[in-house]
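Got a structure here, written out as structure tokens. Questions coming.
So that you can tell them apart, the chains are marked A, B, C and D in the order they are listed, and the count of residues begins at 1 in each.
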Amino acid sequence: MRPTGAFDAGPGREPRRSARGKGRLEAFSDGVIAILITIMVLELSVPQGSGWGGLAPLVPVLLTYLLSFVFLGIYWNNHHHMFHACDRINGTILWANLHLLFWLSLVPFVTRWIGANHRAPAPTAAYGVVLLLAGVAYVILQNAIIAEQGPGSRLAAAVGRDVKGKASAFLYAAAVPLAFLRPWIADVIYVFVALMWIVPDPRIEALLSE
Amino acid sequence: MRPTGAFDAGPGREPRRSARGKGRLEAFSDGVIAILITIMVLELSVPQGSGWGGLAPLVPVLLTYLLSFVFLGIYWNNHHHMFHACDRINGTILWANLHLLFWLSLVPFVTRWIGANHRAPAPTAAYGVVLLLAGVAYVILQNAIIAEQGPGSRLAAAVGRDVKGKASAFLYAAAVPLAFLRPWIADVIYVFVALMWIVPDPRIEALLSE
Amino acid sequence: MRPTGAFDAGPGREPRRSARGKGRLEAFSDGVIAILITIMVLELSVPQGSGWGGLAPLVPVLLTYLLSFVFLGIYWNNHHHMFHACDRINGTILWANLHLLFWLSLVPFVTRWIGANHRAPAPTAAYGVVLLLAGVAYVILQNAIIAEQGPGSRLAAAVGRDVKGKASAFLYAAAVPLAFLRPWIADVIYVFVALMWIVPDPRIEALLSE
Amino acid sequence: MRPTGAFDAGPGREPRRSARGKGRLEAFSDGVIAILITIMVLELSVPQGSGWGGLAPLVPVLLTYLLSFVFLGIYWNNHHHMFHACDRINGTILWANLHLLFWLSLVPFVTRWIGANHRAPAPTAAYGVVLLLAGVAYVILQNAIIAEQGPGSRLAAAVGRDVKGKASAFLYAAAVPLAFLRPWIADVIYVFVALMWIVPDPRIEALLSE
């Protein structure tokens, strides 16, 4: 029942197939994240009037867009590195990846809401909830990959105790109730988490240059 | 009339070319499904007001979005596996694939309609019609690939009698008239079909790990 | 001045580079066409009300969407085959390809216009003008590729006298003035051209199976 | 701590990995630029009425769309060539690339604004500001790549003194204040810069055919 085509000749067969499955999962994820990061710009409404004054009410919207752009960029970068260190995929990884993409797909939605009500507690808290659940989904995906690769894998070594990931989740979880106290405190936390991930990470650089 | 470039040197030529044609078909399909799965989020309107109360009327819309996200995710997963087991493409496969993408492209449209009228029979039935026709298009594509690969192919063996596919089609066909009786019965059927496909399928896992 | 990295080792260097440049051009074109073919569905407005009656005024819009979907699918298929038979790209090919993508990018625009005024001469004629200019851009791109590959190339042989391409251009050019006489005559011509390209073409199949 | 999978067998390991990381960065950038270049067409509103007269007020919008399409096409072409000459990526390059994509993502936004107010100074100047900052981001990315590749790299040689890039930045910087004097002067400058990049560049062609 096995085909005898060119792709099945010899011992090199299995790894190549795994690589292809992984390649298509990466391409699909890249597509989804690329779309999410760019459709947010569709939400930026044309400034009222033709003067610079029309831009003023858009400033919080533009800043929220920038923050969401950075968060999606961070997820893309981390996703990129994580699958870089992944050799094989399975059904659990496929669904864990779609689960992550689902929460990321809600980022433009909460961005729009926070942009329209940038001093209100509920949208600010909702933004944190989506980021928190995306972070949880990322950890689930990471664990699914490590489970497939084995505890002695390169990814398990690179991730280590994942201090940064745990700190981010803790900060998001703190930001959600704080948003009801003072929305700007939550905003500061979101910006802080983003900066934490942008600054060069020796762990990731080491993995990249490996 | 044959070129003499580097790509035409030797016996490895033909399979590679087939693989490339297939790769581009996969990339195009990935692009279309990635766009469909994400543009639905553009439909989620900003909640009215800045309180949590604004989210309440959006709950059915969000749940419909989640269901459609899952259905498109299932199609992407199955499409991924099916072409994994496909070595060659031809013109019929190209058009059968576009035919499937056409019906999938209507998913955001019916999602929007059902989201705006979630207890009405017609949108609920229309949702089932689109899913049914997408399912039929999937079977046509599957048959086109098996016809190209031959009855003894890996895909033919993996698909087998395709009990799951046939059961899905039967359930969609039942949901359409039931939507006019009680829309929630059709909703339950849609969720049931989605769950049927999400739970790990030994058949597919076996193919993946092969 | 030459790097000494792994990509520059030995005589296999040049063809690989050409292939990569071509691969990225294909990926970019696939992305643009995948987006164009799917964003049209965003134009489909939610039916008024919750009954089937709400779908009736959408029928011409849905049919126009289907026709444009088919036209973009034809262009993707042909683009796919043309670059299949292309080994090298250059700056002229890059810009000729962007020129084609520009005219294709106007398809959703004229689709929307014709969908909103499906019996009016001007939108029907504008649809033909965009299809005609896309067709002209396709021929320019084809000639740029043949010029790069040489007259004895596989593509030149496959294209031959390009009867189908010339007939399509002639029919579009005829449809534009006829749209002012009777819009439905132009519609019939558009459907006829689409069918002409969908029916299996032994020329293309021969190239594919080569 | 090293995996022993198929991807880690032998001395060919490292370059291949770099190439894959680069490949995914290219694919992601292609996706974002493809989306940006096509979503602008969503902004083209349906002409009022069904006559040709309805197109007249859209002419400046269509011309602005064409100009932005050309600018994004130029960036894609240059991005394509730059990474063609890049062998390795690192974290700085990843973020410099996202920084460039951020400014490019604002092109549809300023295109929409200028399209709605095509004779007003502020939108015309804002268009120049976005192009200028995208140009600066491009130079930062270019420098990050050259820093990784070394001063003797192929890219450093190809870029040379980058007269065209510097001239473009100077012209954009001049266009911003001139837009307040006479918007059309800025428009002429934008068109001039675009033409400067479209005309065949022996430097780039030499790199491509290398």
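Structure notes:
As a working rule, a residue touches a chain if its C-beta (ideal position, glycine included) is under 8 Å from a C-beta of that chain, and two chains touch if they have at least 3 such contacts.
As the structure is a prediction and not an experimental result, all values here were calculated from the model.
Here the chain-to-chain distance from chain B to chain C, counted in touching steps, is 1. Seen as a C-alpha superposition, chain A sits on chain D after a turn of 90°, to the nearest 5. Centroid distances from chain C, each centroid being the mean of CA atoms, peak for A. Centre-to-centre separation of chain C and chain D, using mean CA positions: 24 Å. Chain geometry summary: the mean Cα position of chain A and that of chain C are 34 Å apart.
Residues of chain B in contact with at least two other chains: 14, 27, 31, 35, 39, 42. Considering their complex, residues 12, 14-16, 19, 26-27, 30-31, 33-35, 37-39, 41-42, 44, 46-47, 49-52, 54-55, 66, 69, 73, 76-77, 80, 84, 87-88, 149-150, 152-154, 157, 198, 200-201, 204-205, 208-210 of chain D touch chain C. Of all residues in chain C, only 1-3, 5-7, 14, 17, 20-21, 24-25, 27-28, 31-32, 35-36, 39, 42, 89-92, 94-95, 98, 101-102, 105-106, 108-109, 112-113, 116-117, 120-123, 126 touch chain D in the complex they form.
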